[in-house]
Amino acid sequence: MLARAAREIAPGMVVNLGIGLPTKVINHLSADFEVCLHTENGMSGIGPSLSPERADRNLIDAGGAYVSTVPGSAFFDSVTSFAMVRSGRLDLTMLGAFEVAANGDLANWKIPGKFSPGVGGGIELAQKARRVVVLTTHTDRAGNPKLKSECVLPLTARACVARIFTDMAVIDVGPNGFELVETAEGVTPTDVAAATDAPLVLPEMTPPTF
Amino acid sequence: MRLPDKQCTMESAVARVKDGDTVMVGGFGVPGTPMTLIHALVAHGARDLTLIKNDANEPGMGIDHLLRNGQVSRLITTHLGLNSDAIALMNAGEIEVEFNAQGMLAERIRAGGSGIGAVLSDVGLGTELARGKQVVEMAGTSYLVETALRADVALIHADRADPFGNLAYVATARNFNPVMAMAADCVIAEVETVLPLGGLPADTVHTPGVFVDHVVELEALSEEYAVVQR
Amino acid sequence: MRLPDKQCTMESAVARVKDGDTVMVGGFGVPGTPMTLIHALVAHGARDLTLIKNDANEPGMGIDHLLRNGQVSRLITTHLGLNSDAIALMNAGEIEVEFNAQGMLAERIRAGGSGIGAVLSDVGLGTELARGKQVVEMAGTSYLVETALRADVALIHADRADPFGNLAYVATARNFNPVMAMAADCVIAEVETVLPLGGLPADTVHTPGVFVDHVVELEALSEEYAVVQR
Amino acid sequence: MLARAAREIAPGMVVNLGIGLPTKVINHLSADFEVCLHTENGMSGIGPSLSPERADRNLIDAGGAYVSTVPGSAFFDSVTSFAMVRSGRLDLTMLGAFEVAANGDLANWKIPGKFSPGVGGGIELAQKARRVVVLTTHTDRAGNPKLKSECVLPLTARACVARIFTDMAVIDVGPNGFELVETAEGVTPTDVAAATDAPLVLPEMTPPTF
């Protein structure tokens, strides 16, 4: 799933990888791959993560992980960082999700009564990146589908998600809702449909696996 | 013409804070958080403060000391995820918390620091963060009015300064510090090193000293500034 | 991970400009004006341009070449005092000129470069610069709506760059360049020196390369860049 | 007049000297005087002007004069420069004038049909500096008073001027209009009143001279 998501990144892109699963995609990019990774706390050109022993106390990503630079990295303040985001300079962002709706609505920041730590930079990434893809387990820990006809939880942004990578499938958000693109090895379209709480448009041919 | 010297002691700088003040605090996580100024503000004891800070640090670190000491009545922030103390205080109703989208918090502070009344933005339209905000129509499109934020005092951490208050930051310790350094009536910077006038090349200054009122050189860096072992 | 190389020729970069485009041009007087890119745009010949530039340079310099060549139909600016050509064209009705307060021109461009719809400001209230502007009431006070400006192409001059487009400026040649470098769909920077990746320390970058599309190293500096003898 | 105006600058101030007469005040400040001079094209800590032979091609003030740095100078962009101006970080600005009204209205940028090069940074300096003083000849070249009951020309900013320095007098803008504070050597209050196109409040005692 992470390796598949990494292939979503085209050479030359500016990409923001959200906290959690998306950050791990970095491990699937080769050292000579042409990409500029952005973190909203104020850096372009993120290099590999560092262990605490090797870390620079002043150099973290937005998730608090200690990271490094690459030749050509730049530091900037929070104002400039979000100016990049809102003015459309992020080609792609990969975000986590609690729920994704069939129209691309995303909920990933609040579970009323249970989890409300604040939205951080999530709204602007979801609403303003040129392309938003979600990386998530297909169902939550209790086995409930995260892909739904409509979101129940407070929204992060409306109609923003273009594609979803899960442990079961790659699914596009199209004009007719969720469209199955690929399945994980050993997973059938029927399995995916059963774990999805919304109509799933199946391709005419058996979809490729990843 | 020669530039004034704005160096002073930490105590005399923090003495500017009064009960009921709004205080901006730089930092995103540990980097850039003025840990020593925060301790001085705990010692000073001003109460009923409104804090403006990106996050609430972690339990036992940074502004958590002010929260635990009961000095804060209101917190304007973007994310408390790493501080269970702050979330508990919020849920118990002991502090009022206003959440902002991170970039909009930065923009609102920048507006305050730039003599602008507000910015019109579509960020968060159609979400609960839009609730209660004034809406303006412009050329047929709806925008939220994101009002300027200013503070009585800003507490800033920088790597280097000169006596006039020109500041330079390192790496991701920059974050909210430059913008908060623009947006308060009294800007206090704790710095790791004070260089003589001319020690910061004019092209490399991140925050011009015109914005800064007091410069305090840190005698030592406490453990709170170090790499967090998780 | 490695950062892309955005270097190209002046001609291929300027070929991005189309008839009818809005073009931002950095500079305040001579410093920071991309003199060579302007000549390339004269050679390219695109017409019916809207230029956004602080000033109109002086006769025979900078954007005066575009004005004289009849390529400009509209100029959004703050001051034409040093260019009698520009004033004559304005008075003859051959170019339409929109004057802005200088800081508000900078703010409007910054709004465009920051994904903000507009800023609310009281600058110019009660003067003729307020004419025709939307007024918004906020907490009982009137503000002018200063709308965001963006361009199709921005022409920038920087001192140094790396191949990714990280830029550094010198002295007062910075002026409008950093903000215009944020606010166009295609940002072209002419630079006096291209350093290898890593040659600009990450803390000293003025314009992050994320904002920049094309980097062109100048082969030589023409007389137009030199100290003006008055 | 310039020397008198220079005494208006208190130690520690941040000051912007407008184009024209005000810029010349710099020559009346001693080398060890504590002041930070700001120019709106992007610099704090202006040093002495330089001849073209010694000039740096990239270092000018807002009037286009070649200037120098002092230890502790900082360069910044136009956005930051006007953020300083509008947020109240200028303690004082000295501006030129075509007309000043008895309520402090200032007109200094446009003479319709004759002179309309644009306002530049003048509006923000006049409207937003903490204290605005005007340096001007008391009358124009034709001998017409520049201090008037009301401005006729398009305004730069309303009710912004606190004090006026002319070749004849120092005049405050007070609650009752123009108030004579000092006269130039050899000029009488009657001379000043005659050259002023508005009531002039005279001090009870003979005013000091400069």
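Order of writing sets the labels: A, B, C and D. Residues in every chain begin at 1.
Here, a residue touches a chain if its C-beta (ideal position, glycine included) is under 8 Å from a C-beta of that chain, and two chains touch if they have at least 3 such contacts.
None of these values were measured; they are calculated from a predicted model.
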* Asked: Which chains contact both subunit A and subunit D?
  -> B, C
* CA centroid of subunit A to CA centroid of subunit C, Å -> 35
* To do: Let me have the rounded angstrom distance from the C-alpha centre of subunit C over to the C-alpha centre of subunit D, please.
  => 29
* To do: Specify, in ascending order, the residues of subunit A that touch 2 or more different other chains.
  => 43, 75-76, 79, 82-83, 85-86, 128
* Structure fact -> Contacts with two or more other chains occur in subunit B at residues 107, 110, 114-116, 121-123, 169-171, 174, 202-203
* Asked: Each pair of chains that touch: what are they?
  -> A-B, A-C, B-C, B-D, C-D
* Can you check the complex and tell me which residues of subunit C touch subunit D? => 28-32, 54, 77-82, 87, 97, 99, 101-104, 106-107, 110, 121-124, 126-129, 159, 169-179, 206, 225-230
* Contact residues on subunit D for subunit B in the complex? -> 11-12, 14, 26, 29, 31-38, 43-47, 69-76, 79-80, 82-89, 128
* For subunit B, which residues are in contact with subunit D within the complex? -> 1-4, 110, 112-116, 162-164, 166, 182-183, 196-198, 200, 202-203, 205, 208-211
* To do: Sort out for me which residues of subunit A touch subunit B in the complex.
  => 39-43, 52, 55-62, 64, 66, 75-79, 81-83, 85-86, 116-124, 127-128, 154-158
* Structure fact -> subunit B contacts subunit C in the complex at 107, 111, 114-123, 134, 136, 138-139, 141, 143, 145, 147, 168-171, 174, 202-204
